[in-house]
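The data blocks that follow each hold one structure.
First chain A sits with chain B, and in the next complex the same chain sits with chain C.
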Partner chain A sequence: MLQDLLGALGLASIYLLFALGMSLTWGTIDILNFSHGSIFMFSAFTAHLLIPYVPMGFVGVALVCIVVGALMSLLVQVVAFEQIIKRARNRNTAERQILIGGIGVAIIPLAIAQEVTKSNPFGFIDSGFEVTTWTFMGLRGTNILLITLTAAAALAVGTAMWLRRSRHGLALRSIGVDSEVSAMMGVDRRRLAIVTMAVSGGLAGLAACLFTYTLGAITPESGDTLLIKAFACIILGGVGSTGGVVLGSVLLAVTETVVLTRTSGLWVEAVAFGLIFLVLLVKPSGLFGRKEVRRT
Partner chain B sequence: MDWTAVRLGRRGAVAVVAAAALGMSACSSSSGTSSTSAAAGGGLPATINVVSINPQTGPAAFAGLAANKGYDLAIKEINDSKFLGSTTLTLSKVDTKGDIKTAASSASTAIADKNVSAIFGSVSSQEAIAMSPLVQQAGLPTIYTQAGSDGVVVGDATYRATPLMRTYYSLVKKYVQEKGWKSVGIIHTAAAPTLVDIGTKALPAIATELGMTVTTTVAVQGTTQDFAAPISQVLASKPDGVAILLVGAQNPTAMKQLRQAGYTGDVLGNSGASAGNLKPAGADGAGMVWPVDFNFQQKAEASQKFVKAYQAANSGENPLNYAAEAYDAAWFLAKSIKAAGSADRAKIKTAMATVASEKFDGALGNGLTWKDRDIVVPGVMIRWDGTGDVLLYEGSAS
Partner chain C sequence: MSDFYAANLVLIQSTFIGILLALSVQVPMRAGVFSFAGAGSYGIGAYVSAILVLKTGMPSLLAILISGIVAMVVGLLLGLLVAHLGGLYLAMATVSFDLIVSVLAINGGDLTGGVTGLFGVLSDVTIFHLIGLALLGIVGVALTERGRVGRRVDAVRDDPELAQSVGISVRRYRLAAFVVSGLLGSVAGSLNSLVRSTISPSDIGFSLIVLALTMIIVGGAQSWKGAVLGAVIFTWLPPLLAGFGQLQHVVYGVIVATAAIFVPGGLYGIYSEARYRRTRAKRKPPQGEAPAHEQALAISVPNGDAGRSA
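Our next item is the complex of A and B:
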């Protein structure tokens, strides 16, 4: 039971690290970035390609993933999303076009990775870091599990504090509430959007690093699967709430683990997503969702 | 083995929506070849056109590209050896891009092109299922490789040069007996019909035959990437051995997590672990064993002849089973054309039935036969030692 709970927390941490970046951009600068999964995958893929030429341990791989993720996300913002926002007739149109634009952008790194790997799994097998196993009071785990749990907890708390306490965070939240008023108050939306997208991409890169070490290997399509799960975590917890994403990730992971360990396994997604559906019937804005304050 | 059903599934809704949005539509590079008529009737023309409709990009490209190498090699040998006299086989390749609509429309294009005598169908079950009704109705001889689902071999025009896994999975009996297992726990994907069949029917039947018990069976989705929970459930049932019947990238992850969970014994797998898929698991992958229809180390003379020819044509690269199957498929077609003495589709189709009734030696081994238009092979048992395949033993021809 405790072993399963530990496994569920590990899974929740991966969901959280991945979803945190998506939630950050969606909840503040109103960008639901559907290329997040591809950025996640491609950052790990880049590290995988570099490892044979540049020997590096865990820190090196993590840094490569974070930097590549941040740069890709920044590039997507500048090249795609900013241009869409500039040309869109209104906010609703921009949101829709960003959604489709993100899907379109996502295909490029996916296609590159598929072409290079022929869709075979890839990992960090030749990196200097070794995943080791430990046992404590009957519980088994790995060093990467501990790192993942720690990173997820630290980043969730850090993100929440940053949004709540810092001037940047306040400015970001003000954009999320009303971007026009925040602009009138002197908030530089463009600069903050670029920073937020870079942070979001960096989080995707870190998640990719930890996820790849945890599983041993991922495929070019791995980001797509996580994208759907992250979407569910954010919706369940409530868009714009860091605490909501944490809760959503834990709930989804625990539900999946319970179903997987107590049934034949086929019901896992039906039960997990059915639960989300039920929660949303009762609380449409998600468990910790903020009230809609947009004015017409 | 139906890899692509799973791999396409794992791309998720995003990619599917995007593909639709971008209108990834028909690719029709096949019909541009000038040719003699395929429907001319008697006598072999100077050129006979064949089309390979396979994914060369996308999630199943690894299998489609490898299959095309097998077709290329066989057709070169057929032409160089003047197996069909002065007639030359010409192969055109169409990339389905992993898109079912493209596969179906490419099949329609080939059907409409009367210069095309036969096609090599897609390795993807989803694509093959879309193609089969079309080619069967049109009477266009079609030989598939892989594409292990029902609904692919649907009539006298359709053949499959990949054996159904259940026909050779019984090779594991000897291994299990040697290990002295009295019980086994099974994890299988629900996304590949072939592996569902092995996990829920073939392997339990083998266990019953050997007096073993199946302690528990856990199915996982094609999208599952973390196997900690199902592994925990299986190990809690305390089996002597574990069977992991997953596809592609799922295999190294499951092996890694199985070792991390404390299981140190050998693991029954399937050919989804081959083609170097276990490499990312490193030393944790060592100990997975599986039966497969072909391995480049198998000793049959015809197999080794193919291996050497393939290595010579591909810079020393060892052939995968996809290439071996395609090689035998191409030779099967060439023999059928020769027996028909014509490029006419109907005559080739009739000749295929005759050729399929005879035993033959090929890349897949000695004493190969066809049953219900599916190839039957002896198979080989493989063990991954952490760095590469080790041939444990070979099956015998029926």
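Our next item is the complex of A and C:
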């Protein structure tokens, strides 16, 4: 029982790291980035390609993933989303085109990875880091599980503090409330958006690194599944609330673990989709969501 | 000609199925409903008709009809459920709906064949059925884009409040979009499993949503012509891109991404805008109050402006 709970928390941490980046851009600069899954996958893929040539160890792999994720996310922002926003007539069209554009951009890294790996799973073999197991009071776990739990907790708290306390965070939240007034107050929306996207991509990269070490290997398509799950986590907690994402991730992971251990078959995949549906029908603003401030 | 037909039979069949699939996403988009439910209806149609033909030996057309009705009812229920949602939330709710359909297919046991799906669905569907049903779909959708109904749908999309105020039931039109989308998607799915004689959950997953969406992005969501164009392009593009060898999927991705970013109205959008510019240039008065006139025109002719949106 406790063992299952520990596993669920590990899963929740991965969901959280992935969803945190998506929630950050969606809650503040209004970008629901559908290439987040591709960025996630491709950062781990780059590290996978580099490992045979450069001895890196865990920190090196994590750094490569984070940097690649941040750079890709930044590139997507400049090449795709800025152009879309520039051309869109109003907020609704922009929102929709960003979703579509994200799905379009995501095809490219996916295609490259599928081509190189022939759609086989890839991992970090011989990276110079050994996944070891430990036993503590009857509970079994790995060192990567501890790192994942710590990283997720630290980054969730860090992000929340960054948004709440720093000047950057204040400026970001002001864009989320009213982008025109915040522009009048001297907030440089473009620069902030780029920084936010880079942070979000870095989080995706870190999540990819930890996820790949946890599972041993991931497939090029694993980003797509996580994308939907992260969406479930975000709306479950409420868009724009960091605490909400934490709660959403834990709820989703625990529910999935319960379904996985109590039922036969492959129903576990339905949990996220079912939750999305349920939340949208019953309480679209999520459990902690701020009342949506609509900017027209 | 017959050589070409024989060599490309699979692609020719896929073209007509693709057209129906693309229409099932284009119809709601045109009505301002950002719904991907067409992909889920495709899954429903594919499985229901495969099961009917396999288990009861029912004639194909009857199976297509029955699964069409099932998908329409499901579409109506879905439409009622998500009636209060809009924008991204609606899009994601319908994506979840599509994926729930595929999870049901995986977990359906003997009925759906689980992960491996169903095979050996022998049917008497010919290329003429495909052409006929695709034409029926095109004509049906084209009729809703003309005259009074067409203008009402435009109003429901561009300004729901205004539409409501002049007595158009926005709710009814949105629900109708779900039902029509369900029918079109279901027929496409039915035809696919009957023609290919097999269906598996991997055929109706997230990649199907992406495929349907890419057809609409590149073709254009404003008209059935965009949907047809997109379906034709994305059925024939992959084999044409085979010349790029290993790079073909990357080139495919670049095309889709470029279209999504720089050509939001799709190819049809470019065409309708060009036509609008040409007619406007012709109508330009000799001289005098040209700017004011132009402004009035730009407001009164919705087509050019609409080409840039969606």
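Basically, the second predicted complex is superposed on the first by the 278 of 296 C-alpha atoms of A that agree within 3 Å, B and C clash if a C-alpha of one lies under 4 Å from a C-alpha of the other, contacts with A are read in each partner's own complex, and residues count from 1 in each chain.
Keep in mind that, in the parts below, contacts are C-beta pairs under 8 Å (C-beta built on N, C-alpha and C of every residue); 3 or more make two chains touch, one makes a residue touch a chain.
Predicted, not measured: the structure shown is a model, and the values here were computed from it.
Visitor: Which of the two partners, first being chain B and second being chain C, lies in contact with A:Gly216: first, second, both, or neither?
Guide: A:Gly216: touches chain B, not chain C.
Visitor: For A:Ala80, using the defined touch cut-off, is the partner it touches chain B, chain C, both, or neither? Pick first, second, both or neither.
Guide: In the superposition, A:Ala80 contacts chain C only.
Visitor: Mind working out whether A:Asp224 is in touch with chain B, chain C, both or neither, as first, second, both or neither?
Guide: A:Asp224 contacts both chain B and chain C.
Visitor: Have a look at where A:Thr142 lands relative to chain B and chain C in the superposition and call it first, second, both or neither.
Guide: A:Thr142 sits against chain B, while chain C stays out of touch.
Visitor: On the A-aligned overlay, A:Thr133 touches which partner chain: chain B = first, chain C = second, or both, or neither?
Guide: In the superposition, A:Thr133 touches chain B alone.
Visitor: Quick check for you: in the superposed arrangement, does A:Ile103 touch first (chain B), second (chain C), both or neither?
Guide: In the superposition, A:Ile103 contacts both chain B and chain C.
Visitor: Identify the partner contact of A:Arg89: answer first if only chain B is touched, second if only chain C is, both if each is, neither if none is.
Guide: The answer is second: A:Arg89 touches chain C but not chain B.
Visitor: According to the stated criteria, A:Leu260 is in contact with first (chain B), second (chain C), both, or neither; which is it?
Guide: Only chain B; A:Leu260 stays clear of chain C.
Visitor: Between chain B (first) and chain C (second), which does A:Ile194 come into contact with in this model arrangement: first, second, both, or neither?
Guide: neither
Visitor: Go through chain A and flag every residue that touches chain B in one model and chain C in the other.
Guide: 100, 103-104, 107, 110-111, 114-115, 224, 228, 265-266, 269
Visitor: Which residues of chain A touch chain B in the complex?
Guide: Those residues of chain A that touch chain B are 3-4, 7-8, 10-11, 14, 34, 37, 100, 103-104, 106-107, 110-111, 114-115, 118-123, 125, 131, 133, 140-142, 214-222, 224-228, 256-257, 260-261, 264-266, 268-269.
Visitor: For a test of understanding, state which residues of chain B touch chain A in their complex under the given definition.
Guide: 7, 10-15, 17-18, 21-22, 57-62, 65, 190, 217-221, 223-226, 228-230, 232-233, 248-249, 252-253, 255-257, 259-262, 275-277, 279-282, 284
Visitor: Touching chain A in the complex: which residues of chain C?
Guide: Against chain A, chain C makes touches at 34, 81-82, 84-85, 87-89, 91-93, 95-97, 99-100, 103-104, 106-107, 115, 206, 210, 213-214, 217, 246-247, 249-250, 252-254, 256-257, 259-262, 264, 308-310.
Visitor: For chain A, which residues are in contact with chain C within the complex?
Guide: Touch list, chain A to chain C: 32, 79-80, 83-84, 87-89, 92-93, 95-97, 99-101, 103-105, 107-108, 110-112, 114-115, 224, 228, 231, 235, 265-267, 269-270, 272-274, 276-277, 280-281, 284.
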